[in-house]
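Please find the structures below.
One chain, chain A, appears in both complexes that follow, with chain B as partner in the first and chain C in the second.
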Partner chain A sequence: MQKLQVASGKGTDSEKRKRKDKLVMNAWCWLFMALAVGFYILFQGYPIICSIQYSLLDWSGMTGYAEYVGLANYKELLHDELFWNAFFNSFKYTALIVPLELAVSLFLAYMLNNEKLKGSSIYRTMYFVPVVTTTSVVGIIMIFILGVQGPVNHLLTSLHISGQPVNFLGNAKYALPTLVVISLWKDCGTYMIYWLAGLQSVPKDVYEAATVDGANRRQTFFRIVLPLITPVGGIIAILCAINSLKVFDIVKTMTEGGPFYATDVIATYVYRSAFSSEIGMPRLGYASAAALFFGGAVIIIGLVLNGIKGRLSKSL
Partner chain B sequence: MKKRQLGALLLAGVMTVLSLSGCGAMPSTGNQAEESTNTAESDSPAEAAEDKAEAVGKTEGSDEKITLRIVDWSDGSAQRREEFHKKYMEEHPNITIEYTMLTVDQFKNTIVTMIKSGDGPDIFPIPGGMTLKTAVEEGWYQPINSFVTEDFADQFDPRSFEEGVTHIGDDWYTITEQMPVIQCLFFYNKDVLEQAGVTEIPTTYSEFREACRKITENGNGSVYGLIDGGKQVNRMDVLVRSLAAAAGGKVAAITKVLTVDGRAPYDTDEMKQAMGFLKGLVDDGSIHPDTVNISAPEAREMFAQGQAGFLCQGMWCISPWGEGYPDLNYGVMAVPVPDGVTDTYVQGGELSPWIGVYKQSKHPKEAAEYLMALFSEEYGYQSGCVEDGAFVSVIPAINEKYMTNEIMKEYYTIATETSKIVPTITSRDEKANDFYVEVKDIQPSLGAIVQGIFSQSITDFDGQLKTLADSSTEEWKRACEAVGMDYGSLEFPNWDAKKDYTEQDYEELK
Partner chain C sequence: MNKDKRKKIGRGLMNHILLAGIGFIWIYPFLWTVSASFKSQTEFFENRLGLLPKAPTLDNIIRIWSKADFGTYFINTVIVSLFSVIIVLIMTMMAGYAMGRYRFWGRNVVMAIFLGSIAIPLVSTIIPTYEVIKSMNLIGTRTGLILSQAGGAHVIFLLLFTSFFESIPKEMEEAAKMDGCNYFKTFFYVMMPICKPIATTVVIMETIWAWNAFMLPLVLTLNNPSSRTLAVGLYVFKGENVVDWTGIAAGGSIAVIPIIILFIFMQKYFVEGIAGAVKS
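So, the complex of A and B:
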């Protein structure tokens, strides 16, 4: 009995020590996170709380006069055709660019992950250069490259691929796909790096085993590598989708949402509502409501899709 | 696993919300702004000026280093401004000028943040869409009367002063940048016209279309009839308003509101004629295909490179062409009118407020001295800009002496001959200031509809114009009601578009 008591006493001490260690560990974690959390609260948390407040106001953002209007801004959004146009354009853009971005960047990453490829670091840098180039500069240059008298049209007409110059940005049919192609070129370097990280996490012996089993490079990729890096791909897809849903700079620089709202996405719609107006004052409150509504819709759509996916996988 | 996926999705959603809502977030709320307004209002302008003068008196005569912060958007005269700053700092070694030039949009969202944080620049202009009355009520500006010399105001053209634009009562708040001149005349490239065999300068719609057709045919895919900055909806707005006015319609200038027969005059016959004229040019293939993708400065460059025969812009083009394309052989002409239409006029340029001194400026005296130098002959800014053809100065003596640029003279003459002053609701009813704060922008606007025509996204513009007119009328009625203004004040029954609208005309309506 005495022995048992001693044993249990020891157990308590060890638990106490473990608990203490855990507390110390947690304290260190919080300490290291404090700066990031502080910045998050300051630059993300506070603005979003302000946005929620502003979305309930009829306020230009320029004067001190702001009237509480409850959910009127949200109600107005529901009947605003231009908001819905921007809303669907954002999803159209995302639906076009995410698969392309994932496929092209994975292809590049897989090519560059080949150890036998000489000068792969030069290629990596080359593909990454557009990422570090300022979007506004890319936009301005692309306007001229894709212009009616630009080199792309010159090539198309001189090779008789097209009889007439193609108005890539001035025609409502082509403007959004053109933006998608430019964004793809500009951003695929980032996703290529993510894929490379995923590919490099695949153990070498897996490749060796596949080679021993007689698998060629294509089979190795589709049967061995792709299943192994799919979880990384999921994260990359989420990041890519988030970035494309909030696309702004390339649209603002190249088309300003035009021609006639053909490339107007939520971010340009929000910007226009918040900061510019032709008659009267801008509408910061309304713009805040649009941003929050869109964000909320994205969460709901995501949850619904996730639910459908869960049911489908169960039934299969 | 499922929880993780759900978590990832939620995180993704939240990140999207945060990123987007960040666009609209500002660091202060309306209430705080109201408080600051109340504080600003606690002192009368005169008292505030006295306080400032006292504060200035303390530093006068000292060698204290002063930094004057100036923010604006005057890109048309940027080089002259830099030269002026250099000279000013040489002659005032204790003053450093920190000059920031932004685009109009950048300025709009930057200035509000600066002022809300109590860190506004010493000198800055009023952003578009805001009236002087509102800006003063918000505590943005202070009167400059007590800081400028008595004879400073005497040199200005009396027409450059206007209640609600530069002054409120006896208090002088802002100085306008230039004499108002219409922003929409047509420049033509003489060489391009000559090569295409266009010998007569077109004056009517059909003549203009014919000239554009000839230029486009002769250009063989390299040169087109007309080019403009179609990406800028505001420029398209100016273009179609001017065309409609030249067709005999009664339309307010851009950003302004007027009704005709109780309605927003956006679906009138004249407006339809103007839109039809533009659509005709599109159908003829006479519009430069890049027009929809480019801004006004880009269009200006491409016109100068000989890519189009005509360009519709303002006087500000003359100076950059003088510098960048000294051999450009061009002229200027009036806005074309429908066939058979005579004796019509476009909306005369309206005086607009420009820069003033920040109410919280620590150096109001120095800021006012800067303004006096900027508008003096001695420092060469006004004379240089007039010489370059950048603008018509608000100082008549400078215009007389330095307006030597022939194209500028031609522009000014045509602008004066083909425009008439249009009535404004702010001159008629003080509540109009509140109306402009209250009224909401209706989209697609006239400019957006023109963009739709140019990009061939709209084939039937009549329906778009009707919707715009109906929605605008409804919104203007609502805004009038909200601020307690009579909707009838938007209508000027005694307005004859063939004559300047005068003070007497306003009096008649009282």
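So, the complex of A and C:
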């Protein structure tokens, strides 16, 4: 502030120049932002606004004919059993996967976060391979691996763990948990890397001090390391929850939402209403309302979780 | 002392057995897929668990590649990934530079909007995105796929570039200014060469994401076989050939092996990118 005054005292010339410099800088910055902002508007901003508009229409998308129906789509959603089924399935899936995913990935990360462990980078690569592979392809392959004639059932029956082959995906009771296990395996590597980043921020002398005090590995973990990485865990949990609520690829390819809508989640529900003709005319307006309603719910939940996390880390 | 040492070695061995066992379960599905794509139909059902085909055959791969159009799907996937990577790299690098180095008007608002879009599910924007591509007459074309794939917010990449450019000392910029570099020249000659590690990370991550994308290509190419990617191609193939499991395995191998190889050689960048994302 002071500097500015001194500079302006010298004369209006330098002030003018400064203002011009600032203008030029802003112009350059916005030029550099143009591509990102342009793509964002075209494929994120504009679609969101469009979704709101579509959600007020009765429109098949096949024809130009669209009738403005106000909030009728939303009212219909409230009474649509299949929508609520999908809505709750999304949350059920998330509630199942988040704690499991966090626990398994933390276990692997803790095991690998050991300088003396030889070959830890090979293990890391192995655990990470599923992450980089195409989810939809993995889903299709898994249909057979878990199928009645597949290797898993072959193993179960030949070891007499199960007398009859288990129909993992065809049974309404097992289908959702099976999807959870497959996703757990598929994404575990990502969360493991998140945890490793967190674990590496724990100073080494903490471990040394614990060993000197006679704590074993388990005690060190639960009494010392876990409290230290809980804040990171909060962020990881939120990321995991948001990703899980969005689940589509694995469900679409493995079960198509079945059997009898037992694994139908919001994304598959919206896809079916908007793009598939198996249930008659597509309904873009209605599907948009469902997608927006759900998107709103996800954002609110994200904010609430973030709030809880903030509270918790304050009280710790 | 001796007992202690033996105990330690024993525990180390147990750890290795545990970790290797988990590792084997983790990659077994991929080994199984690759092995199944070299098995004949009869062997496939006789030898369900085994990973080594007794009489390896190339029939499945040849059948899938030429008759089932996986050759086309492969080329489509390569082209879509390549071009969306180029667009995303240029776009996030330039935006990250502006946001990391300058406090320009509206910077924080743009940043907040980008960050907020992490929570928006793709399913909430996919219907209008389809309409946008349709209005450009690009449904069922590779260009449409490339544009929509590049159209996500790419928040992680933006954050990576922004925090990288933020960390560069001011002296470098001032030195460039002294040498008479303007905004663009500073970026082009001074900043771009030193951001190579981040750029590599972004390239690897976006390649993998674009390669694996499913919902967007599904919606945009479901009725246009000529522009399908591998992810959609295999899904459609499975719908039409439910019993050709060795063919499906061969298609799956074609889809995942290139990306696994890319990952194994470039994993340092990928892992650092993921770790960097959660840190920032």
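The criterion applied here is as follows: the second predicted complex is superposed on the first by the 251 of 316 C-alpha atoms of A that agree within 3 Å, B and C clash if a C-alpha of one lies under 4 Å from a C-alpha of the other, contacts with A are read in each partner's own complex, and residues count from 1 in each chain.
Here is the rule we use: a residue touches a chain if its C-beta (ideal position, glycine included) is under 8 Å from a C-beta of that chain, and two chains touch if they have at least 3 such contacts.
Quick caveat, the model's predicted, so the values are computed rather than measured.
Visitor: Could you check whether chain B and chain C clash or fit when both are placed on chain A?
Guide: clash
Visitor: Look at A:A95 in the shared chain and tell me whether it touches chain B only, chain C only, both, or neither; answer first, second, both or neither.
Guide: neither
Visitor: Would you sort A:I308 into first (chain B), second (chain C), both or neither based on which partner it touches?
Guide: In the superposition, A:I308 touches no partner, neither chain B nor chain C.
Visitor: Once the shared chain is lined up, is A:A103 touching chain B (first), chain C (second), both, or neither of them?
Guide: neither
Visitor: Once the shared chain is lined up, is A:A209 touching chain B (first), chain C (second), both, or neither of them?
Guide: Touch status of A:A209: no partner.
Visitor: By the touch definition at the top of the document, which applies to A:L42: first (chain B), second (chain C), both, or neither?
Guide: In the superposition, A:L42 contacts chain C only.
Visitor: Given the touch rule stated above, what does A:C29 touch, chain B (first), chain C (second), both, or neither?
Guide: second
Visitor: Contacts for A:L71 in the overlay, against chain B (first) and chain C (second): which applies, first, second, both or neither?
Guide: It touches nothing on chain B or chain C.
Visitor: Let me test your reading of the model: by the given contact rule, A:A274 touches which partner, first (chain B), second (chain C), both or neither?
Guide: Touch status of A:A274: both partners.
Visitor: Is A:L245 touching the first partner chain B, the second partner chain C, both, or neither of them?
Guide: After superposing on A, A:L245 lies in contact with both chain B and chain C.
Visitor: Take the contacts of chain A with chain B and those with chain C, and give the residues found in both.
Guide: Shared contact residues on chain A (touching chain B in one complex, chain C in the other): 43-44, 46-48, 50-51, 54, 61, 143, 149, 235, 242, 245-246, 248, 266-267, 270-271, 274-275, 284, 287-288, 291-292, 294-295, 298-299, 302.
Visitor: Sort out for me which residues of chain B touch chain A in the complex.
Guide: The contact residues of chain B facing chain A are 2, 5-6, 8-10, 12-27, 29-37, 105, 108-109, 112, 127, 129-130, 134, 137-138, 221-222, 230-234, 237, 254-257, 288-294, 298, 307, 436-445, 447-448, 451-452, 454-458, 479.
Visitor: What part of chain C is in contact with chain A in the complex they form?
Guide: 12, 15-16, 18-20, 22-24, 26-27, 29-30, 32-33, 45, 48-49, 87, 90-92, 94-95, 97-99, 102, 104-107, 110, 113-114, 116-132, 147-148, 150-154, 158, 183-184, 187, 208, 211-212, 214-215, 218-219, 222, 230-232, 234-235, 238, 245, 248-249, 251-252, 255-256, 259-260, 262-264, 267, 270-271, 274-275, 278-279
Visitor: Which part of chain A faces chain B closely enough to touch in the complex?
Guide: 43-44, 46-48, 50-54, 57, 59-66, 82, 143, 147-149, 165, 167, 169-172, 234-235, 238, 241-242, 245-246, 248, 254-256, 258-262, 266-267, 270-271, 274-284, 287-288, 291-292, 294-296, 298-299, 302-303, 306, 310
Visitor: Would you mind writing out the residues of chain A in touch with chain C in their complex?
Guide: These residues of chain A touch chain C: 24-26, 28-30, 32-33, 35-37, 39-40, 42-48, 50-51, 54, 61, 108, 111-112, 117-119, 122-130, 132-138, 140-145, 149-151, 154-155, 185, 190, 193-194, 196-198, 232, 235-236, 239, 242, 245-246, 248-249, 252-253, 266-267, 270-271, 274-275, 284, 287-288, 291-292, 294-295, 298-299, 302.
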